[in-house]
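Dropping a structure here in structure tokens format, bear with me for questions.
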Amino acid sequence: MAVKPLHEGYIGEVKDRVENYGGNYIVHIGWDHHMLYAAPQALVLSPDLPFAEFLHKVMPESFGAHPDFATIDWPSVQWKVDGTAFEPVPEKTLKELGVGHKSVIRFDTPGAMGIGNAGV
Amino acid sequence: MSIEIKTTALQPVRNTFANIERRFGDKPASRYEEASYDLQPSANFHYRPLWQPQYELNDVRRTAIVMQDWYDLRDPRQYYYGSYVQARAKMQETAESNYGFFEQRDLVSHLTDEVKAQLVRYVLPLRHVEHTANLNNVNASAYGYGTALTQAFMFAGMDRLGIAQYLSRIGLVLDGNTGTSLAEAKGYWMDEPVWQGVRAYCEETLVVADWFEVVVAQNVVCDNLMCDLYYSQFDQWLNQNQGQDVGLLTEFMRVWYKDISRWLDSVLKTVVAESPENKALLETWVTHWREKGALAWTPVADAMLGAGAMAQSLAVLDARLERAGLFK
Amino acid sequence: MTTKKLNIKDKYRLLTRDLDWDFSYQDRKEAFPYEEFEGIKIVDWDKWEDPFRMTMDSYWKYQAEKEKKLYAIFDAFAQNNGHLNISDPRYVNVVKLFLTAVTPLEYQAYQGFAHVGRQFGGVGARVASQMQSIDELRHVQTQVHAMSHYNKFFDGLHSPAHMHDRVWYLSVPKSFFEDARAAGPFEFLVAVSFSFEYVLTSLLFVPFMSGAAYNGDMATVTFGFSAQSDEARHMTLGLEVIKFILEQHEDNVPIVQKWIDKWFWRGNRLLSIVSTMMDYMLPNKVMSWQEAWEVYFEEGGGALFKDLARYGIKPPKYSEQSKIEKQHISHQLWWTFYTHGFATAFQTWIPTDKEMDWLSEKYPETFDKYYRPRWEHARQLEEKGERFFFPGLPMLCQTCQIPAVFTEQDDPTMTTYRASDYKGEHYNFCSDGCKDIFDDEPEKFVQAWLPVHQIFQGNCGGPEVSDILADYYQFNVGADNADMKNSDDMKRWKQWKGVA
Amino acid sequence: MSKVYIALQDTDDARYIIAALEEDNPQAVVIHQPAMTRVECEGALMLKRATVEEKLGRDWDVQELQLSLISLAGNVDEDEEYFHLFWKS
């Protein structure tokens, strides 16, 4: 379906197209079953950021406050980008792993079911 | 105990809203000020209208008139909704008692056939002019800029609907609630050559794109000519032709015209004083519509009041324009 | 001459409906250019039924009487420091949210109805719209005046219009109404008059006003009930609009159904803010959000859609989903506000034990299982002096613009992720409903001014969050956005009440 | 058949309107809530000018209802003699 304007040629201005971010991407990160974080977090990251750096720098800043974070068994974590599973490779960049502008990276941590095992 | 609280501890933290404080200083504000300034959304619009994608939902570019701050157009009557409806309620109370008196005393039976015929032929068709004025004022309210101005246009638009309804009631008084006089008057409006200029003028104002130009065509030119012809000159004619009781039925309009003029004059004056560009543009529009207005109303004026009436109304309009600072 | 007795319908027709005429000198389509593009077919405007046949003289008379009463109460409220009679200073935060989120919508309604009141080709529909327009202006102004007194004594109320255009969570109501105003005139009426005013507005006003009454806020009760008397006219207009459009042409039915589906969902999302007011922000509670939803939507709306079934109209798509969500959204939203409390122009707090027990009782299926653990954790952290805040900025839904806080129907611990790709860009949504709306009109919704994305572009000042709050949002940082317990509002309240 | 309802402010005039509603609609249920009263009925509610005038002891215009009204549900048919609220199915 398409919008039905008065006249042909109604083109919406995309207010957050990738060009507006000086080479960076908006990237969203969500932790499955950990609702202490009310919503996935939005960050501005370089698409060339290696996954290792993402894991060791970005993730602790974003999720380190959660008591489960320290106990995560990283090798067993399941990762998805925009709904598709991927295998993280430390030296590959986010872009190479399939992350695009406004993508959602999700991670599921089997065994860690949140505060009080309530998915918090 | 509670008295002590009220006198010592209950100092307000601030006197008014931050925008009002910025405009008028840190002091208690009037209800008009708090209800009228900076309320209109002015930034970060999400979607362009499907019906007008060249503009934002609220956009100063819908008119060629430019104001540094549209909120300079303060209403000297200080009408916000509450004060507006109370002012009109007072006027309608008088009108109600006037119409009631007219009907109970059967004053219509004192009118000569000539007066009645004049009313049907020349006064009742005005309800269609008023209806146009309703649309044109609502237009300025919808597409104009800044609450101070747009609310006043909304009030004016509703005034015109009210006046259209009062004029219709004059018809019902004349025809004993059958509606025949209204149908007859609509016939004149549609087909009588004398009215076709005014009707064409009304239709034209409804297709003009620039809302401020519409205001010039309607409120400045058409209204001033019409109100002088009817509520001044025709009123006199009625007095001289045993029709003075009709004045009871048009008192609302006369009081209204005075009220609305106070506001409109101030709007014009402020817009003219803003810049030479505004002044020049207004002069172009006024010249254009004055010429059309004169052509449109002359047949009505001649037939209703005789030669010379139109010239008098044009002179009244010109004096008003000059007072606003135009053409000088 | 004998005078015929006129009934109200004939009188209204003669006074009002016959004012318009067939044009001879201009093309009527140029005077009313927006009537056809949405595909709605109007065969005969004369079939329009005026819901209330009110002429302007009666309008001025009755409205002036209402205003006189209302302002007498405002004056008395201010003179007697009526704010001291509220139940608890936390209550004022409801007023803050109302003034910044709802009052500006009344303003947009004024503008939107002025627009359609100019554009409809039928005089009956125009006049009804114009009357609603001026009523909406009334509501803006009476609300500003009612809250003017609170602004003098509490923080967070000083810049409602400025904040509405900029603050992150206020883009939710703002974009809702701009969506309606940017649409064609018939969609606007279906969106606002029908879906919002008729189906959902009772959920905003009636429980909220009763809430104000329960919490000693006489100024709000008074403007609320006074506004509601106009609202009853507006609701009736909403129902007449729908019936009129549906009766005009059968081709209108699917278009209207699509709008009902869309605007039900938009409204449902918007009202999630109200759910937090009812369940968390009112210190004395009237009824739970779930109960209000059942009375006002499921029962009330059920009757309505039964009545509309004869036109082939079905209850809105996803109304079943709302029956599951009603047990969750207030908790999810207040958690969102609490964890973003540094960036809200109102104060936040953790519910008390008594309040949590009330929530357990009202939400036996969900509160203890999913939400109490969050609050208890947050309280432990507060006690340790480690108040928990959301660490950055949240992901927003492209359509409703609420942070993506909603969860899957079958798993309240799992965020709902939905997405679409359009012209090479990726868009995220909080729900199937919001994704459907985007997919149906992508050229419109790609334009969304998403606060988080705008902050990242540097369009809101900064880069420090505190600068954005102070300069771009014009918060009084440290006052407007404080935790309730440490706030200046609380300190003043204690001083007024003479308690330590 | 679904319920129609009308909600009125807790004012003196409204009390007479409610009394009239009760008289003309014996099946109506009157529910008192804080600051308002809700009158509901299966299918329809009829408010008659004549009955209100009788209760009030003065002339009463149906449009005066506007001064007390808070909310309603149902289709509206208003005349100078009555205010009728109903569902069609």
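Labels for the chains are A, B, C and D, by order of writing; each one numbers its residues from 1.
The rule is simple: a contact is a pair of C-beta atoms (placed from the backbone, for glycine too) under 8 Å apart; a residue touches a chain by one contact, two chains touch by 3 or more.
What you see is a predicted model; the values in this text were computed from it and never measured.
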{"item": "Chain located farthest away, centre of subunit B as origin (C-alpha)", "value": "A"}
{"item": "Central chain of the complex, centres being mean CA coordinates", "value": "C"}
{"item": "Whole-Å gap separating subunit B and subunit D, where each centre is the average of the chain's CA atoms", "value": "38"}
{"item": "Where subunit C and subunit D are represented by their mean Cα positions, the distance between them in whole Å", "value": "28"}
{"item": "Centroid distance [mean C-alpha coordinates] between subunit C and subunit A, Å", "value": "31"}
{"item": "Chain centre separation (subunit A, subunit D; CA means) in Å", "value": "56"}
{"item": "Junction residues of subunit A - those touching two or more other chains", "value": "3-6, 10-13"}
{"item": "Where subunit D touches two or more other chains at once, by residue number", "value": "none"}
{"item": "In subunit B, residues with contacts to at least two other chains", "value": "47-48, 50-51"}
{"item": "Chain-to-chain touches, reported pairwise for every pair that qualifies", "value": "A-B, A-C, B-C, C-D"}
{"item": "Contacting residues of subunit C [partner subunit A, same complex]", "value": "33-34, 37-39, 184, 332, 335-336, 339-340, 369-370, 373-374, 376-377, 388, 390-396, 403-405, 407, 412-415, 417, 419, 423, 425-428, 439-450, 452-454, 456-457"}
{"item": "Subunit C - residues contacting subunit D, complex", "value": "7-9, 51-54, 58, 62, 65-66, 202, 205-206, 209-210, 213-214, 221, 225, 228-229, 231-233, 235-236, 239, 243, 286, 299-300, 302-304, 306-307, 309-310"}
{"item": "Parts of subunit D lying in touch with subunit C, wherever the complex brings them together", "value": "2-4, 7, 9, 33-36, 63-64, 66-73, 75-76, 78-80, 87-89"}
{"item": "Footprint of subunit C on subunit A - complex, ascending", "value": "1-6, 10-18, 20-21, 26, 28, 30, 32-44, 61-63, 65, 82-83, 100-104, 106, 114-116, 118-120"}
{"item": "Residues of subunit B touching subunit C in the complex", "value": "1, 5-6, 9-10, 12-19, 31, 34-35, 38-51, 57-58, 80-82, 85-86, 88-93, 95-96, 103, 106, 108-109, 127-128, 130-131, 134-135, 138-139, 141-143, 147, 150-151, 154-155, 157-159, 161-162, 164-166, 168-169, 171-172, 176-179, 182, 186, 189-190, 196, 199-200, 203-204, 206-207"}
